[in-house]
Amino acid sequence: MEDSGERYERGIKALQRLSGEEGPSPVTSLADIAPDLGRFIAEFAYGDVISRSELEPRDRQLVTIGALAALGNAAPQLRFHINGALNAGLTRGEIVEALTQIAVYAGFPAAINAVTAAREVFAARDAEA
Amino acid sequence: MEDSGERYERGIKALQRLSGEEGPSPVTSLADIAPDLGRFIAEFAYGDVISRSELEPRDRQLVTIGALAALGNAAPQLRFHINGALNAGLTRGEIVEALTQIAVYAGFPAAINAVTAAREVFAARDAEA
Amino acid sequence: MEDSGERYERGIKALQRLSGEEGPSPVTSLADIAPDLGRFIAEFAYGDVISRSELEPRDRQLVTIGALAALGNAAPQLRFHINGALNAGLTRGEIVEALTQIAVYAGFPAAINAVTAAREVFAARDAEA
Amino acid sequence: MEDSGERYERGIKALQRLSGEEGPSPVTSLADIAPDLGRFIAEFAYGDVISRSELEPRDRQLVTIGALAALGNAAPQLRFHINGALNAGLTRGEIVEALTQIAVYAGFPAAINAVTAAREVFAARDAEA
Amino acid sequence: MEDSGERYERGIKALQRLSGEEGPSPVTSLADIAPDLGRFIAEFAYGDVISRSELEPRDRQLVTIGALAALGNAAPQLRFHINGALNAGLTRGEIVEALTQIAVYAGFPAAINAVTAAREVFAARDAEA
Amino acid sequence: MEDSGERYERGIKALQRLSGEEGPSPVTSLADIAPDLGRFIAEFAYGDVISRSELEPRDRQLVTIGALAALGNAAPQLRFHINGALNAGLTRGEIVEALTQIAVYAGFPAAINAVTAAREVFAARDAEA
């Protein structure tokens, strides 16, 4: 039995590990319009699910970029999670390969658009470095 | 420069490693209706993409079950790839965790239906054992 | 300026041409639960859109089976329109080729499931013949 | 600050109100394969979100059946929520009308399949009555 | 038996009630490229379906924003219908709550992108006021 | 038995016929980030599938724009293939009609967004002429 404050704090930490603390998190960016949705992201998505030890952070990111690339309708989140995949230890080559594989399961347009998202993330990191 | 025969053979081997050679493969099951689609699965999907060394088979299966669970419209292929995920070294616990995570990115119905697919695959393997 | 009765009659005729009048149409099969949805199918979908001369029936079926195969979530309608594609003059070979092409744009699972739908339609027609 | 036990209990109550306590809930039906996914449904989906007072249960069901009918890939959940819509006070006529409207926003196949799901739910309730 | 002119006029009225007559309607904005698609929006979507009395305008907008937020691939139409939801009597809080609920049924990315669309609509109305 | 070089060359030719050689092809535009994905587009998508004689280029484009318009999540590829449809011999009127028909199978938002893509393609060609 755990209170919501612990879940929130654990979620924020998991989110910061993933995002590298660069730029605003989805939690803070929703504060003006849907603060409870932002809170659920911290408490539930990251605090309850993503921070669990049943699957390595690197493995979780493979699942997530596979899901978002296949859906093909959430470019900002795909970019966020490609960046998170790098922070979780996946190489650029592994990420491009994973997104190339999406051509097999969701078609070439989904793969091309996902790889285009990866290019933007890689370029932004190069510009910062 | 490689000929199509090499690609086909490499693909069939990759497909057999993944499926554990149990039951008919998608290549043979399409022979009556769309043999070229079956051949493309062997040559391209498995021969060109899935057999590449840029990503481990286990990692590829995380991407694939993430994609198929999120799309939620290809139950036979999701079951095939959950079975393949086990053959590639993922544990039942890791697979269930990966599919649970789909609730975050594609909603609870997609996650519930994916976990239901996993139950069927696990039961079929238990029945064989 | 045309009244709804003319649209309905034109729609029913277009629907019968497409389906070959075999079995219950979507219009009659909805009569018990959503008669107005059935009427809209006749008046709008077939009466207003599908019966227009701007595109040949055969060409319309290529668009429709492309759309339904890519969406991958409407198997009964895909079967209905594969049957309609045959009635509109497409050959079995052309239909299988069109559905195979879906692998490029929506992935192999969508193509495999669409080709499986085609096999069912072809078998049903062979059984009737 | 609330503990997880309170969230779970509130969620189970909201779930029972929606389902009318007939048949197994998604929480118990996942107990063998993905108990934590079942727990998240109780704690988060129903305990945190669905039980909030910001939107009436009846209104929530309109959103949910709109979402599931449009996605068109989660028939068991659509049936569950059509039943829940009746329990939340929507009439059969309102539900059929809402699902008919899906033809405008997600196409006729999605609407037809959703209305077919409604027919099954209505028939099951008639059989019980 | 009703003629198409009556349907068109009733549709345009329903469309204006929903949109508040601010800015170009989808009917006029399609006049240069696909006038018949624009006409079908007036006659069928609004004239035949949306203007029916079987469901309140407010309730229809809950279904529509649920559908469009879940699909996640039609941002301009989602913004149009969030604005329409306000005109039909839903409060900003109810709309944000409905879109937050989409996280449960279609995942957090869909909910975040829908809430982002709502922020744009609310800001545009504030700027006009 | 054919080597990959022949497939690549045949694919590039098919791609150039479709695109009219205007602007960068998807193959070259992926060279910096995912060259193998670009190569697969040439070898597999165009060399193995699109260049086959089982279906006319014009017919293939009807399938493709039907698929991409229905999915509604790949605007750059839809524009590319609307342009390709013109190069393959479809008229503007036929393309607009095909995309209007998408309203029936995937809803009005998908049709409106597809027709908007067509307007951009037609305007770009007019500007060049």
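Worth a mention:
In order of appearance the chains are A, B, C, D, E and F, and numbering begins at 1 in each one.
Note that in this section contacts are C-beta pairs under 8 Å (C-beta built on N, C-alpha and C of every residue); 3 or more make two chains touch, one makes a residue touch a chain.
What you see is a predicted model, and the numbers here were worked out from it, not measured in a lab.
The chain pair with more C-beta contacts between its two chains, of A-E and B-E, is A-E. The chain with its Cα centroid farthest from the Cα centroid of subunit A is C.
Chain centre most remote from that of subunit B: E (centre = mean of CA atoms). Centroids of subunit A and subunit D (each the mean of its C-alpha atoms) stand 28 Å apart.
Inter-chain centre distance (subunit C to subunit D, centres taken as mean C-alpha positions): 30 Å. Once the centre of each chain is set as its mean CA position, subunit D and subunit F turn out to be 40 Å apart.
For subunit F, the set of residues that touch two or more other chains comprises 36, 40, 44-45, 49, 52, 68, 70-73, 77, 100, 102-106, 108-110. Those residues of subunit B that touch subunit A in the shared complex are 44-45, 49-50, 52, 54-55, 59-60, 62-71, 77, 93-94, 97-98, 100-106. The touching residues of subunit D, when paired with subunit B in their complex, are 26, 30, 32-34, 36-37, 40-41, 45, 68, 71-74, 76-77.
Interface of subunit C with subunit E (complex): residues 1-5, 7, 36, 40, 43-44, 48-49, 52. Within the complex formed with subunit C, the residues of subunit A that make contact are 70, 102-110.
Residues 71-73, 96, 99-100, 103, 108-113, 115-116, 118-119, 122 of subunit E are the ones that touch subunit A when the two sit in their complex.
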